[in-house]
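Letters A, B and C mark the chains as written, and numbering starts fresh at 1 in each.
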Amino acid sequence: MELKEKTKLMDKDAIERALERIAHEIVERVKSIDDIAVIGIKNRGAYLGRRLAEKLAQICGKRPDVGALDITLYRDDLTQVAEQPVVHATEIDFIIDDKKVILVDDVLFTGRTIRCALDALIDFGRPAAIQLAVLIDRGHRELPIRADYVGKNVPTSLKEVVEVRLEESDGKDEVVICEKLDEQ
Amino acid sequence: MSNKFIWTKKDLLGLEYLSAEEINHILYTAASFKEVTTRQIKKVPVLRGKTVVNLFYEPSTRTRTSFELAAKRLSADVINIAVESSSVRKGETLIDTGRNIEALKIDIIVVRHSASGAPNILARSVRSSVVNAGDGWHEHPTQALLDIFTLKEKLGRIEGLKVSIIGDIAHSRVARSNIWGFIKLGAKVTVCAPEKLIPVGIEQTGVHVTNDINEALEDADAINVLRMQFERDSKLAFPSALEYFKQYGITSDRIKKCKKNIVVMHPGPINRGVEMSSEVADGANSVILEQVTNGIAVRMAVLYLVALAKKPTSSLPAKVENM
Amino acid sequence: MRYLIKGGRVVDPVSKIDDTSDILIDGNRIAKVAKDLNEKCDTEINAKGKIVIPGLVDMHSHLREPGREDEETIATGTRAALRGGFTTIACMPNTEPPIDSPEMVRKLSGIIKRDAACHVAMVGAITLKRTGRKVAAFSGMKKEGVVAVSDDGSSVEKASIMLQALRAARKSGLLVIDHCEDPKMSAGGVMNKGFISTKMGLRGIPAEAESTFVKRDIELAKKARAKIHIAHVSCAKSIELIRKAKKARLPVTAETAPHYFSLTEDCCVSYDTNTKMNPPLRTKADVEFIKEALADGTIDVIATDHAPHTDAEKDVEFDFAPFGIIGFETALSLCVMELLDKGVLSWPDLVMKLSTNPAKILGCCGGSLKKGSPADITVIDPEKEYVYTKELVESKSKNSPFIGWRLKGKAIDVFVGGVLAMKDEEIMV
């Protein structure tokens, strides 16, 4: 599938500001930083989760527990996808029981990834609550799922692809909208 | 890391048939699954609705249990079928058995067989995935994968390590799979056994061959000590187990002269006082129980990979053809 | 009936012809061989672009009847032979029960008279029940028509019995066709012993299992002053011994089979049981030795060792499968591709190996296109290419490693004793 870059939605500063705002919203809604655990969905959600935890540390003076979740084993489309996905390690080395888990992902789209993540998290224990933080909400939900914290709401068409690029994986920070070129 | 790699093989028949890249991909995937085995709830839904059949023509509690647990932790259903094994053919053929099992709409056949190549023949005859759980003297790929996984976990790498495989090389499928796996990943492999237990031409795999235990132990980063079966194949080479122990047994005296952190592996079950002393088996250098634990993660990875292989390609060397 | 085979390249090493020529068949004999014949005939065969040679003679095959009619019968086996261009085949006595007595020979002879589509030369067993213990009644079997004796499938393990058999064979004027294998060395083996068997985890059969018995039996034959023919030579070590024996002018002849110069042990890696035969496929070096031995005359004969087994018998684990492959229908193509096209042999040489020599060694008809000879003639299209599929197999069993191969060179017309038994690749009998 060929993609054509259309619009740049966010640059490095915009991403920073969005994360900072989300961090402040989280702090407003919890009693203590000790109650929070941040768990990012691999791959880019995990990088964003780590950045969000740093922001929280700057605000509260204490870093919350951070983990990374690989949802491959919980996907509902394994028999349908064209290429076998690689299973990466899940890294949650703390107890999530009774924590308020902030689940972090880059783009919220159909909601299916979040459904997988919820299933996976439940296998780790019984958190007090799970809240969802995403950098981009592009709409087109297929499941009754919504985000608690959103960096930017972006109306999109189904012909478009939202690409979040992060320094950790892509060398630079930016969010762009691309268009799928019709396959000949 | 091999995370761009895409697995395509429907079967795992032997490490001879895999590339270094494919072996590394299994190891990488196994590391991810190892985390699952440390959770409170040691189960993921990835193979929900799939059925694994353990088709065992040879008795084996360990390997079968390990595969069974691995399948269950992936949420697959498991059926165990034990077939009376005999070199005299009677009743249903392997191919008929395979096709009948497949007619039950299953997804993976894990097969253990006394005849070398039986999994290859089965894989040719069924569309289901076939995983070799040990065939004759040929291969025992998941055992070698868990040996390699354990060593890599211990020492951080495989390339450049000196690994010695000690015991009845001639009659050992574990030895053959270990040789292919370690050689492909760049280890320097030595095989050590009495002359009669070294199979003809084995040096063509790239291993160094010795009959001298001291040479095998010298500078070794790891040793893999094979189970000696004097009641079966190994009896020609040595008059007695005691004599073997004297000449080749891994004792703490011998280990003391080795590298301090030498890793001691054994595929089990151990004959204490034959190929290895109890002190060594239970000592600080031994990783024998870790091997057992890692076996589950490795087998989970293998079952996951073959069951969901996309664009499945044959895992077999092609039939001879002149076209 | 009178047939005129016109315009073919006639190759007959006996009458030293290799030229475009015509052949007139009158009744069961060759009436004339000459250029531009304009004789009256009932049917004319246009052989332009074809090779016309004496009918092929296979001195080593297994037709399984009586006893294993599920694998092959005289009727199906001889038709498969025709398809391959053979006009005479010798059948080995390892049937169930074996052909080890005059009565059994008579019984077999009756079946052959009734069912055979080409000439069949009978071979009797060396020892009773082929157990290697007691030498069979050679003169009685000879009276009933056997041309040779063999325990093929097994060797005669005891040297003293072999010596006794060789002496008895000399007295009866019978050829001993010798399956050379030291059963102690080959015990349990299923393929050539070497790196390939090691990596496949299969028990090996060393080349020495063959050559030690070749050596022993050449010495025994010398002592008994008997003729001996070494069957299915597979390895360099045996060839060296045979070459030496021939230099010493001992009455030793030898054969190999097409698979021993077309395939190597490397083919076994798929665990395809159609690569399992005894003796086993050997190394590339052995294949080169065999080709050399064919070229220099150390090996006199190419025989198929046609050994049919049913799918049910072969579709099993490598260890459990029986040895052997079918060979009638692929022999000629493999000779064309591996020996002619690669410059190992010329057409006259090949006719020697596939017809003249085996006929002479067996002492049976055929092997020549001389005027007055029985009209056993094969017309070959040397350029015809085809893919050998299971559906094409004429034999009752389909156990060939060459299924799926693109082959070249095919028998088109076959005359057996003046009867047009195959016409335009269609079997008429």
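We adopt the following convention: a residue touches a chain if its C-beta (ideal position, glycine included) is under 8 Å from a C-beta of that chain, and two chains touch if they have at least 3 such contacts.
Fair warning: this is a prediction, and the values are worked out from it, not measured in the lab.
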Chain closest to the middle, measuring from C-alpha centroids that were averaged per chain: B
Most remote chain, CA-based centroid, reference being chain B: C
Intercentroid distance (Cα basis), chain B paired with chain A, Å: 39
Rounded Å distance between chain B and chain C, as computed from the means of their C-alpha atoms: 45
Mean-CA-position distance for chain C and chain A (Å): 75
Shared-contact residues (touching 2 or more other chains) in chain A: none
Residues of chain C engaged with two or more neighbouring chains: none
Interface residues, chain B side, partner chain A - complex: 2-8, 25, 28-29, 31-36, 39-41, 43-46, 74, 301, 304-305, 308-311
Of all residues in chain B, those that touch chain C in their complex: 16, 87, 89, 93-95, 113, 115-118, 120-121, 135-139, 173, 176, 199-202, 204-205, 316-323
Residues on chain A engaged by chain B in the complex (per definition of touch): 70, 72-75, 78-79, 81-84, 86-91, 119-120, 123-125
For the chain C and chain B complex, residues of the former touching the latter: 193-202, 204, 263, 266-267, 269-272, 275, 312, 315-320, 401, 404-406
